[in-house]
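Paired with subunit B in one complex and with subunit C in the other, subunit A is shared by the two complexes that follow.
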Partner chain A sequence: MTEKTTEKFGRRQFLARAGKATASIAAAGTASYLLYDPAGPTAAGKPEELVTLPDFSIPHRPGQTISIVKGTNRIETVNKAIELLGGLKRFVKPGETVAIKPNVAFASPPMLGATANPELIAEVVRLCYGSGAKKVYVTDNPINDPLSCFTLSGIGKAAEAAGAEVILPKNHLFKHTTLEGGKLIRNWPIFFRPFEKIDKLIGIAPVKDHHRSGASMSMKNWYGLLGGRRNIFHQDINTIIAELAMMAKPTLVILDGTEVMATNGPTGGSLSDLRRANTLIASTDMVAADSYGCGLLDLKVSDLPYLTKAQQAGAGTTNYESLKPVFAAID
Partner chain B sequence: MKIVTARRISQVFFFALFVWFCIVGTVGDKFWQLRHWPVNWFLQLDPLVAIGTILTTHTLYASLLWALATVILTLILGRFFCSWVCPFGSLHHFTGFLGNRKKSAAQKIRLNRYRWPQCIKYLILIFFLAAAAFPSLAATLQTGLLDPIPLVTRSFNLVLLPLADSPVNLASAGERFYEGAWLILAIFFTAVLLNLVIPRFYCRFICPLGALFGLLGRFALWRIGKNQTECSDCKLCETHCEGGCEPAANIKISECVLCFNCREDCKDEIISYQSRPSLAGETANPDVSRRGFVLSLAGGILAVPAVRLSNKLGSNWHYRAIRPPGALAEEEFLKRCIKCGQCMRTCPTNVIQPGGIEGGLENLWTPVLNNRIGSSGCQLNCVACGQACPTSAIRPITLSEKKGLGEFADAGPIKIGTAFVDRNRCLPWAMDKPCIVCEENCPLSPKAIYTQVVFNTVRDGVLTVKKTTDKLIETVEENIAPDKFATGDYYCVTETGERRKITANTENSIEISPDNQFEKIPAAGGKIEIQVRLQRPFIDIEKCIGCGVCEHECPVSGRKAIRISAEGETRSANRRLLLTWRPVI
Partner chain C sequence: MSSVRRKKQLESAISIFILAVLAIIAAAILQKGFNTDITRFGIDTAAIQKTQTQDSKSDVVFELAIMVPAGFETLSAAETYTAENLYEKINGKAPLYTESGFKKLFTRRFVSKQNENLVMELFIYDMDTVKNAFSVYSTQKRPDVDALPGFAFAYRTTNALYLVSDKYYIEIVGFSEAQELFEAMVETAEKITGELAAGKVTEIAEMTLFPPENIVPDSIKLYVANAFGFEGLTDTFTCRYKLGDETVTAFLSRRENPEDARSAADAYYNFLLSNGGTAKSTAVKILEGRVVDFYGTTEIVFATGPFVGGIHEADNQKTAEDLAVKLINKLSETAKAGEK
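Take a look at the complex of A and B:
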């Protein structure tokens, strides 16, 4: 600002300038007062706002906890399996919003079985709408590039064709959580927003060999809810899978053993890694589902310590026989 | 319609089209995604790209033929591209207008007069073309450093678009990062802000493409000039002259960017676009001295061997410059890469990054893979970068060729490098912690990472048995962290060598699963050892293709415990690692 030196400078001008100076001093003083922080930052930094994943489970119904259907056609087996548990109307009520969490971990074509089967996903989406669902979301936080995973696995297109909305992971969709009674999931970012306002949650996972943990099934599928540098949990894979089973309380899980990945898991990569087991499991108890499912990979419950850990934590039972599974076969 | 209005419409149209082609560079089949749009069109229209690659490779690659259209039109019309098509030119035009619009006519005339440094752009062009033209002295294509189309493409795609898109992620699936983007931004903004000093600063003094058009426009059938000798000499025709070509006097045809402002500003309609030379006289040739020409030519010829004294194409090659799959052998690659950044823009995982000068001056802004950036290394089922490359520095390979399938089975998959495990940093190798995230994520079948199982006795892991009950072994030691060994990865080994999985522990007891008990129960006073079961990763170099998914996923997040190095890349025989040239399948 330049003042014209030729202009007369008198009392009035001086007072005006003094007024502006006083206002500036007052503003600087007020700002300093408001922002004054005598203690400085703490070591812990600013605490995150914590959230808890809602409980989507429904009341237990004896004799209709787990169904195991043999057959080669997933559309038929999944319909039968759900029907044996009382039909999807038991799980999804008219007007409800549903999220489906398939395993979309890898950017790999559907025929290689590294991801959930797209036709199966689409069928469950259709069943949800048939049951009166208002809206169905399909979402996962994959390992490979998310968009590529949803595209190459065929899940994105199949889900959208069936009327579902696909939600890709973005930074703002994550919130921190601490699992009550958990050792590992503490103040950890999870893919939370898509599950915040839904009514029901359905997990859909294929049965896959997994070198570190033994097998990746419906419990391991919830790894896709974790954000951040989740790979560090591989140091204690059994505990983290058990904690995931404690954290996620789905309405229903569908474990697809129509074709199982018997070798080179969890990525597979070759048709020779797959083997037909022609089994599809639907269950409200994912520990039971996985305890049966591991048999499709010729594994015992004791080969997968996370099953026992999850049982001890109250997430379900490894003794699936005790739930009186409903068996069926489709020719 | 006035011709300047037509010019403005053309500028807005082509600028908008250019921005649109940047926005739609995301891989996908929606209408606003890559599948439907010729996003390389501006680069293909650019004759400097075509001529540069012709000089280095002696071929005109595929759709670079578009440049012929630009050349023909320039030969007929003059430098029309600069004021009618070039998106960078339009940006300069507009910024120059904004910055100087309040100046008086006299000031503007002074601003837009001809200046001798306008010959510098010709010297730059000669320098670059000389460097590209002499293969006996190791040719290199460096026009992309200053060629306005690659420059503006790179600046928009790698800097402006990610900045504008970061809050919404519409033009990409997720947040995008580009290493060293600040330098690209700094150069871009400097070029734009220089318009406040002199309008179209870049176009007048620096632009090698403008220089090329200046040379081509010498024989243009029509050019700007005076249609009569009588003239009030008011000089108003130079008020808004974009090229600084002095239409009032002896017009410098090679500087005229065909903005038509002079024709618009001349109240007496003396200036026209005509076939005859200006009646006030014209200079068709650029004002380049013989000395300047010889020095630039010699500089260009000598610069390449000078740069290559650092031996980056020989034994001192930059092993961290991992090129995208399909990239040509380094020497051929450098003859084609114009640093436009289209491969980086297209890469769905964001792993392709602009290179820095650590790989030599020629490496700057060429594509290199950085597995610590992006969503997932180089994805096995993706060949987007080669499809995006306008000059085939990265060949447009198919998935079959990349993976070595079908007719490519004999050749084997394309390797871009090899993974190396850093045993000093790897959790199971160096720290007795289970992990093998790398092995799990290896996308090949069979995997290129395999593991060997070892049982290592943990620190302070030799314990003395106090008493053995049903399934518990109580120990004399009473300071074991509870459940430390209950993860399923720890085992208890007795003196007879029996090894059983531990299911739980307290501070002074170890629990073994009841259905998996010792045959010979350890006796009181005996020793037991606590061992951790580790799967340690190894690389099968005959299988590894260097995709880097392992490096991306490695939980050792700083200097990764498994890293890709370019050794073994299929594109260069002299960097091979295997005894057999092609990997054995």
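Take a look at the complex of A and C:
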């Protein structure tokens, strides 16, 4: 009797347990199927909130889009160049905040010409305040250590002496962006926060030979906005410069060709790499400014493919003559 | 009862077996987790190990005592860069080095104890071989500069010194043109080269293979890759000659064997033709089928023994051919001497 009962109990138990086991396997399989991530974990981790750099450009004014001034004194030439475009009040209104983005890429003294000229930066800061600016910031995300760059280049001291606030790059100042229609700038960190709430943006760059791109001028200056391992873009330098020209829409660019780095750029190192060209360009069209500027390095527009790429992307024109540049010379 | 006992024993045995299997799986997962094969992700572990070994050696070499000139002190911390992050120091110029065998850069700034305006920055590029070092030195060499006596390859500008010492390419950049600073820079250069290249001879055999007559002094350059925009021309030396009113560039490259040399010469010849060049007739028999008109300039490329040689962008065909014949003769002599 006992054995019979046990056998009966065992069969039922077996069926019940088998049913439960099958249900467990099915549940585990379904859960695995639903939770399976075929792409696997991404390197970026959680998705970043994407931002877009504001558009700081102002409407072009016929005959006052680009000015080219010859002269040896940057203070005089920049004042004249801006005056020929209608004066700084056209670009900076009272109460506005302005960011100046000079090329401060290297920890190098001003005499070597690898960075923007500090006296020129200081003068533009003064002009902004003279135009009624509430606040002027000077900022860049240099290649070398930022503090060393702003110190050795003399730009930090000159900017602060003129009343500007210098902003050094910090991790929290970067946000990710994707350039609409861009091939390279996609979900990429850019130096964003300093430009988030300002009213106007002015780029100031020296004219330099560049080993990879042929020349570094106004458009290449925006490379300083890129964060992350930006050197990977050197593999497609023409596209990245054209995309930077699409991404950054400054109010005004000032291209300093007073003394150009004619060879061994972008770092130079020897004074013999520099040559006086005594030219300063101001423009609301940076493609036009660079198209003229390349001539100071004895280059043609066709030597720098990024110029044509930027034009095709609608960032400006390589035919600067069509803008009827205003020329002047200061004795 | 005995049947129930047997079943319980069987169940216990199966449970123990399952737990044992789970324990083995857990151990395997742990073992694998702590021994990840990162080559699966495309990372070259051999390269990492190699770099780490070189780093430790290099750190020993770059001791402060062998750099600071008398009356100076350090202004900045030492910085070192590898191919991975060289761009953080020199940005767009990094590919010039990384494509030429670059291993490591050491930099540091020094300042005069007496005058804070006397500042210099030292750059020591470890280029792995003396040829690589000479390549980046020669391709960046400033024109119309003064040679620096006492060094194999060295020159000065008004504010900087540039030199090659063994496998190192060295730049010492002054932040002013003061004579006192220049003298300190020379002292640093002497200290460093004395230490880094002690007992080593900085010479490159190929540089003696150019015919010596009418060479423009210090005009030899070495292109490790992509000479004249052609991928197939590697380790190519160029040398300028002043022939009357003309300046002509000759080039040569030593290959593994004569077959390689012929193949490279043919490839460059075809490269010229496929990029707009046209074959040119010549009265010089040994140059037949080797002369190209390239947009109004004359290009010549030939192979002799293990060498590829030629003339680049000459204005005058006759001048180019005369120099090419001299180069062929010189290289042929060398090739024959090598066979003996």
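Definition applied: the second predicted complex is superposed on the first by the 286 of 331 C-alpha atoms of A that agree within 3 Å, B and C clash if a C-alpha of one lies under 4 Å from a C-alpha of the other, contacts with A are read in each partner's own complex, and residues count from 1 in each chain.
The rule is short, and it goes like this: a residue touches a chain if its C-beta (ideal position, glycine included) is under 8 Å from a C-beta of that chain, and two chains touch if they have at least 3 such contacts.
Bear in mind that the values here come from a model prediction, so they are computed numbers and not experimental data.
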{"item": "Three-chain arrangement built on subunit A, subunit B and subunit C clash or fit", "value": "clash"}
{"item": "First, second, both or neither for A:Ser270, with subunit B first and subunit C second", "value": "both"}
{"item": "Partner chain(s) touched by A:Asn103 [first = subunit B, second = subunit C, both, neither]", "value": "neither"}
{"item": "First, second, both or neither for A:Thr65, with subunit B first and subunit C second", "value": "neither"}
{"item": "Contacts of A:Thr317 with subunit B and subunit C, given as first, second, both or neither", "value": "neither"}
{"item": "Partner chain(s) touched by A:Thr239 [first = subunit B, second = subunit C, both, neither]", "value": "first"}
{"item": "First, second, both or neither for A:Met111, with subunit B first and subunit C second", "value": "second"}
{"item": "Partner chain(s) touched by A:Ser302 [first = subunit B, second = subunit C, both, neither]", "value": "first"}
{"item": "First, second, both or neither for A:Asn144, with subunit B first and subunit C second", "value": "both"}
{"item": "Which partner reaches more residues of subunit A (counting touched residues only), subunit B or subunit C", "value": "B"}
{"item": "Segment of subunit C intruding into subunit B (one of 116-124, 260-268, 314-322 or 332-340)", "value": "116-124"}
{"item": "Shared contact residues on subunit A - subunit B and subunit C", "value": "106, 109, 143-144, 148, 210-212, 231, 234, 237, 264-267, 269-270, 272-273"}
{"item": "Touching residues on subunit C, where the partner in the complex is subunit A", "value": "1, 3-4, 7, 76, 87-96, 119, 140, 142-145, 157-160, 162, 171, 173, 175-177"}
{"item": "Subunit A - residues contacting subunit B, complex", "value": "106-109, 143-148, 151-152, 168-171, 210-212, 229, 231-232, 234-239, 264-270, 272-273, 302, 305-306, 308-309"}
{"item": "Subunit A contact footprint on subunit B (complex, rising order)", "value": "27-28, 169, 173-175, 348-349, 374-376, 379-382, 427, 433-437, 439-447, 451, 487-489, 501, 503, 513, 515-516, 535, 549, 553-555, 557"}
{"item": "Partner subunit C, residues of subunit A touching it in the complex", "value": "2-3, 6, 10, 105-106, 109, 111-112, 143-144, 148, 210-213, 216, 231, 234, 237, 263-267, 269-273"}
